[in-house]
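Got a structure here, written out as structure tokens. Questions coming.
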Amino acid sequence: MFYRTRQLQYHARPDAPDPLYAKKLQEVLGGQWGEISVMMTYMFQGWNCRAPAKYRDMILDIGTEEIGHVEMLATMIARLLEQSPVEAREQAAKNSIIGAVMGGGNMQDVILASMNPQHAIVSGSGATPTDSVGFPWTSRYTIASGNLLADFRFNVTAESQGRLQVTRLYELTEDRGVRDMLSFLIARDTMHQNQWLAAIEELEEDGLEHTPVPSNFPRERELTDVAYQYMNFSEGTESKAGRWAHGPSLDGRGELQYVESPRPLTDDEGLLGLADPRLQGTPPVAAPRG
Amino acid sequence: MFYRTRQLQYHARPDAPDPLYAKKLQEVLGGQWGEISVMMTYMFQGWNCRAPAKYRDMILDIGTEEIGHVEMLATMIARLLEQSPVEAREQAAKNSIIGAVMGGGNMQDVILASMNPQHAIVSGSGATPTDSVGFPWTSRYTIASGNLLADFRFNVTAESQGRLQVTRLYELTEDRGVRDMLSFLIARDTMHQNQWLAAIEELEEDGLEHTPVPSNFPRERELTDVAYQYMNFSEGTESKAGRWAHGPSLDGRGELQYVESPRPLTDDEGLLGLADPRLQGTPPVAAPRG
Amino acid sequence: MFYRTRQLQYHARPDAPDPLYAKKLQEVLGGQWGEISVMMTYMFQGWNCRAPAKYRDMILDIGTEEIGHVEMLATMIARLLEQSPVEAREQAAKNSIIGAVMGGGNMQDVILASMNPQHAIVSGSGATPTDSVGFPWTSRYTIASGNLLADFRFNVTAESQGRLQVTRLYELTEDRGVRDMLSFLIARDTMHQNQWLAAIEELEEDGLEHTPVPSNFPRERELTDVAYQYMNFSEGTESKAGRWAHGPSLDGRGELQYVESPRPLTDDEGLLGLADPRLQGTPPVAAPRG
Amino acid sequence: MFYRTRQLQYHARPDAPDPLYAKKLQEVLGGQWGEISVMMTYMFQGWNCRAPAKYRDMILDIGTEEIGHVEMLATMIARLLEQSPVEAREQAAKNSIIGAVMGGGNMQDVILASMNPQHAIVSGSGATPTDSVGFPWTSRYTIASGNLLADFRFNVTAESQGRLQVTRLYELTEDRGVRDMLSFLIARDTMHQNQWLAAIEELEEDGLEHTPVPSNFPRERELTDVAYQYMNFSEGTESKAGRWAHGPSLDGRGELQYVESPRPLTDDEGLLGLADPRLQGTPPVAAPRG
Amino acid sequence: MFYRTRQLQYHARPDAPDPLYAKKLQEVLGGQWGEISVMMTYMFQGWNCRAPAKYRDMILDIGTEEIGHVEMLATMIARLLEQSPVEAREQAAKNSIIGAVMGGGNMQDVILASMNPQHAIVSGSGATPTDSVGFPWTSRYTIASGNLLADFRFNVTAESQGRLQVTRLYELTEDRGVRDMLSFLIARDTMHQNQWLAAIEELEEDGLEHTPVPSNFPRERELTDVAYQYMNFSEGTESKAGRWAHGPSLDGRGELQYVESPRPLTDDEGLLGLADPRLQGTPPVAAPRG
Amino acid sequence: MFYRTRQLQYHARPDAPDPLYAKKLQEVLGGQWGEISVMMTYMFQGWNCRAPAKYRDMILDIGTEEIGHVEMLATMIARLLEQSPVEAREQAAKNSIIGAVMGGGNMQDVILASMNPQHAIVSGSGATPTDSVGFPWTSRYTIASGNLLADFRFNVTAESQGRLQVTRLYELTEDRGVRDMLSFLIARDTMHQNQWLAAIEELEEDGLEHTPVPSNFPRERELTDVAYQYMNFSEGTESKAGRWAHGPSLDGRGELQYVESPRPLTDDEGLLGLADPRLQGTPPVAAPRG
């Protein structure tokens, strides 16, 4: 069960409205690697967790923090939208140089059209649970497999992609209030990358899971002949220079090999047998017409 | 530019048709962690790559291999569907015990209804680019950020989630032909987990990227006070027991701290200012009626 | 900012596993009118709210409660899935009567195929943020327009559709543990229907909004001639019998009229002018070939 | 079965082309609360209706009218697009002041880029069944539950959100032709809000349905203890001031209570049991490696 | 503007309820090639049409007919659902043989689980605007490009795929009432294939459009060297046997050639230049750490 | 199985970066009729093909070529994005005329906001598998029915819509490098329209399929009375002038007739029977309250 405080976790006030930046900032609220995604992912991983208690609690701690991050971003975006598009249109109409040049009325429309129109028409100057092109958040961004090493690897990725996007957004504004909030989110993503990497170490030390995931699947059930072969499907062999092409495998169970010209391991050309003629597919030979 | 051989990369022939298993197997063809996802992800990462040549070639090698895995799975599914639902319906109708019990005609419909109906109606006994519940593949499963450490972490995840799903599918069938093909895919996923882990090592050794991603963002622009704090948002402190709660941070730049009772770092309650009244939102006080 | 307790808000333990019911119960977790939808809707309405404080707090109170309802349903579904599909397959194989009748191996597959296959392959016996046909939750289910009367009407609807679905699910199971949890959710939905109807009364009493929404749009800007006409676009006049066809309008501003044979109010046939020929559309007359 | 006249229901001709406004106007054609949504919603409610004939006919009357509204909006948008983006690009190129400033060629691209590019590339100056950010209309916007009170509440909402959006669009243009058409749609939405509110009254007077929806579900099957409790999940008690916190409930069946500090009603912490180990989830304790 | 009659266009009454067939029949109501798709496609083609009047009227005639087909299918599906899943569950529970075998309660759940659960939970025994796997209809199925030859080719396809699916559905049932309705839809699809093929002939005879679409694009702007070459990207030359590999081209403007071993026509390896380092992509060489 | 060369199939280098054009060009990479769509469609048609070998090989040849077209477009888009939005923002800030007029800082934001923001934030100056409004590619664009005439008709459409879109994009740029690449794609689409039309001829000559698709469905199972009737659902009879209204049908099996005033062929008004009351739908008469 959950409770809320009245205060935000950290400041979320821009120096000035900026509806065009509001559109971009949506990416880290409702985009694939935004705060809704990590909030929902950690919640479902926690609720579905069957591992020792320290893992479950840790996952739900961070999930709960992320609700507060969603709140901060939604608040910031609503504040960035407090210059009304109607006002902007009116101000622009007074602008004689641009107005004359553009033939009366186009420039102001350009500014408005560069906004996310749904910030005016749909949400009335509020944040929306969508990304920077207006695409709605979807729960396909939520990952919870029941296997914690598979999922913690996803979580490290999410914090990496997320921090990358926030730093890009930092470069796209000069607003000090926005940058202050982003500096907080960047720091928390630093912690969370460290946190999930630590959790991976802990999982391995506790003997719960190893590479390759899943580590308890019986080895005799995989075709070990091809389990450590690097296959070069391109002309040239520049890929031979990397660590992936030679030396012991990183799971400690094999030796990496470089296969310069991989060939099919079967004569099977993938030709299919017959399907029921009543499904009206095209058959190998002509049939009398119905 | 691309070419194809006539043969598949490995065998893809079941011992017997099984339309119900065909439905499940779709998950690793057209699902979130299926072969289309890794094919498209690696292709876009390669085409967008600005890193040294060995990385770009490696990424495109594995992307090209994955086209062949998509081909194998599509072929296998089409073969699993070669028992027609029309024939199944007719056979079932002859079955007097079940037929009598179920009131005539229900049982056969149950079998057919448990199939993915689109395998009959839409594809006429062919594979479809959808997952095990019939949801279409979407390019939101394709990740290519331009930052290779962020992306290689995703790739390790994809090969982990993918291998996990293939082993689960292995347990859900006894068909030797199917299991043979899956044992090949499981082994290739073992290689690919190793390959991306090796590539991460190589990236770090080449000095191209480190934790936290992105590693070249200026440190003074993040709020370092909170960059190494574990925050406990739950009752109780079981999460204190983990590696994430103490000791040096995994990026080697800080010391992890456990904050038992995190408090808001601001007095800001997230209250908003006015929006333009012409957007007809509900204001703080009543206005005369229009 | 948010916190969590260790306990659920109410019991969420079934008497016995039932993977087929787990699939259905997903509807009120991740479906259009499920708990994720109300959680996200109320949160965004609260964060975007510019109305008096009592409204904002009330909206966020209920939003916070709904996080706990999502938690209860996710927990219940994971527990309903604790009978493994692999075990089910093995048990069924021992069943000689059905096995013989169905030709060896079909019946068990029928049971498994009737599960949501992603409950085994994707989530490993955990809940997923999807509905009863496996379609992912999308933020298009989240409504927050900035106009509270428009939004509270949505909220009444959501609690009505949601309570309706929960009562249907109640009829589809005999499990006492499941029914106990549903009886709690049904009661909370009773409260929440009452709560939003009360909030609509309060909004009107506070003079903040009335019918028609939005009530402050200048009346002279609508074509009042047609603002109170019922138009009968069907053969016959059975629709004339209803309250909507006569008497004072419910907004107290007009008199409802029944228009038995509505006619176009314009001669405009919707014919279009020319588009730029370089867009290669089909023009009204043939042009010389390029 | 359906017929069409040659004329539109009302005028739909702008004073001048305006491709940037065309993009915004798409919201009320193909957006969540646009005319396609109400057309499809009312049609499906009518076709699925099992209530008395006057309801079914009324629902289908309005559904049929909405087809004509879709037609008007599609026509208006096609006319707003009759200034070709190719011509706009050429005109802008002649503009020396802006052209010089922007470095030759950028400004015209800005104008074109602010259009919905699909209005040129995909539809060749025609309307598209998408919203103002280009997101396709989806049938998840169609609601038809079989319970008319639940559905009529949705319909009031749809006409409220829709009218709100049309008034916002009215403020975003000065074009008299566009405003004329919008004044017609605003008036019809006034009627339709009245119509659905009247229908709700009629349903209750006919004894067909009441609050709480569904009203015929046996009361003894809900946990009445919590059916009239307002639960305050936030710090502070500002929410206590509202009608929702005290007095008789709006369904006339209970007395509203304010619970200042709600507590969990169970000791259940949501911990899960074991899943089948062959699904390779992370278990509570380490197992020997496979 | 549109009107409706009280009667359906043709009979739509099954001999008996069959909820499992109802699920399948959804494909041609709300699937990619179902009746909603052709209704919406023809409407948008008509409303966006700038070609001679006979084309526009013809397109809108057939679009209007399709509304009536949507109505027939929705009605049929609602009638197929009139056996309640609650009743089915109760009947099955009385069935001792199956019940005993399956361990009490599984069989009835199997039947119910094979239904589309949303037919009970969401629509209360009504049709839904979704396909046979429950995926919602999306307006991406609507095609209207402004170029009538491009669009009429789509329309022939839609009537071909649609008729194919209806014949498959015909084979999947024995119900005479259902088959009667399908025989009507199959015949109308025969007409509509003929109609669009005739319209293509007419377009060409009227000189409005030819192969290749678009036919008025200046020929000197395409690289005619490769405009008639068949390129063989596979091992082997079986594809050489077809009409596509030799003889005059079907547009009458060239001679088809078979290129047995196509080679790249450029030395460009697709290597990219630098991106701004502040976007934090991985660069070609290591940079000092931030 | 597949291989790749190092070179692209044709040049893909723009004269200069142009991030606004990059956004538009995405339409033919990741849009409905873009290169990913034809690549995936032809692959699935080939893998599911049960027709004679020459067809299967031809389909897979062209599918393999399309992978190379996806590669060319992705490369071109990444190169068009090599002017960083951060640099553009800085340059614009120096621009005093515009800067002064717009109030300091707005103009540069306008330029950036007209970009696809995901080209900066998500892909870091790389191509994305989405269309020109940022909507992700979905496998619902992939068509493979098993019936080759139905599918080849789709393929002709795809090459027609695709070529149409590429010619529109040609008109929207002056960049010679971009136009060079487009002239290649336009020519290949010319070939591919010819190729699929030839394949249709071949299918008919080989006796494998005819109009109406599917041609082997027994004629006595369709309602031939209405199989050749043109039905006029509009006021007026302009549609009577076309080839579709008279003369022999194009399948050679009937005579087209013009039905000026089509009437319902049934008395059925589509009224429904009862549903189970426990689903809580609204019934024809009031029931006592629960």
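Note that the chains take the letters A, B, C, D, E and F in the order they are written out, and that residue 1 is the start of every chain.
We take it that contacts are C-beta pairs under 8 Å (C-beta built on N, C-alpha and C of every residue); 3 or more make two chains touch, one makes a residue touch a chain.
On a predicted model such as this, the values are computed, not experimentally measured, just so you know.
The set of chains touching subunit E and also touching subunit F is given as A, B, C, D.
Which listed pair repeats B-C comes down to matching contact pairs by residue number; over half match for C-E among C-D, E-F or C-E.
The greatest centre-to-centre gap from subunit D, using C-alpha centroids, is found for B. Interface subunit A/subunit F: under half of the residue numbers present appear on both copies, so the contact uses mostly different residues. When every chain is reduced to the mean of its CA atoms, the largest separation from subunit C belongs to F. Spacing of subunit A relative to subunit E, judged by their CA centroids, is 31 angstrom. Our note on geometry: subunit A versus subunit B, Cα centroid distance of 11 Å, whole angstroms.
Computed from the mean C-alpha positions, the centre of subunit A lies at a distance of 27 Å from the centre of subunit D. The centroid of the Cα atoms in subunit D and the matching centroid in subunit E are 26 Å apart. Within subunit E, contacts with two or more other chains are made by residues 1-9, 32, 47-48, 55, 60, 64-65, 71, 75, 78, 85-86, 97-98, 110, 114, 120, 122, 124-125, 130, 133-136, 138, 140, 145-147, 149, 164, 167-168, 171, 214, 217, 233-234, 236, 264, 270, 272-275, 278-281. The residues of subunit C lying in touch with subunit E in their complex are 18, 20-21, 23-24, 27, 31-32, 91, 95, 97-98, 110-111, 114-115, 131-135, 164-165, 168-169, 171-172, 174, 233-236, 264, 270-275, 277, 279-290. Touching subunit F in their complex are the following residues of subunit E: 5-13, 32, 53-55, 57-58, 60-62, 64-65, 71-72, 75, 78-79, 81-82, 84-87, 120, 124-125, 138, 140-141, 143, 145, 147, 149-150, 153-154, 156-157, 160-161, 163-164, 167, 170, 179, 183-184, 186-191, 193-195, 197-199, 201-202, 205, 211-214, 217, 221-234, 236, 238-244, 249-251, 254, 256, 262, 264-270, 272-276, 278-281. Put simply, subunit D touches subunit F in their complex at residues 1-6, 47-52, 55-56, 85-86, 89, 97, 101-102, 105-106, 109-110, 112-114, 116-118, 120-122, 124, 130, 133-136, 145-149, 203, 206-210, 214-219.
Every residue of subunit B that touches subunit D in the complex is listed here, in rising order: 164, 167-168, 171, 278-280.
Contact residues on subunit C toward subunit A in their complex (touch as defined above): 1-5, 7-9, 30, 36, 40, 43-44, 47-48, 60, 64-65, 67-68, 70-71, 74-75, 78, 122-130, 136-140, 142, 144-147.
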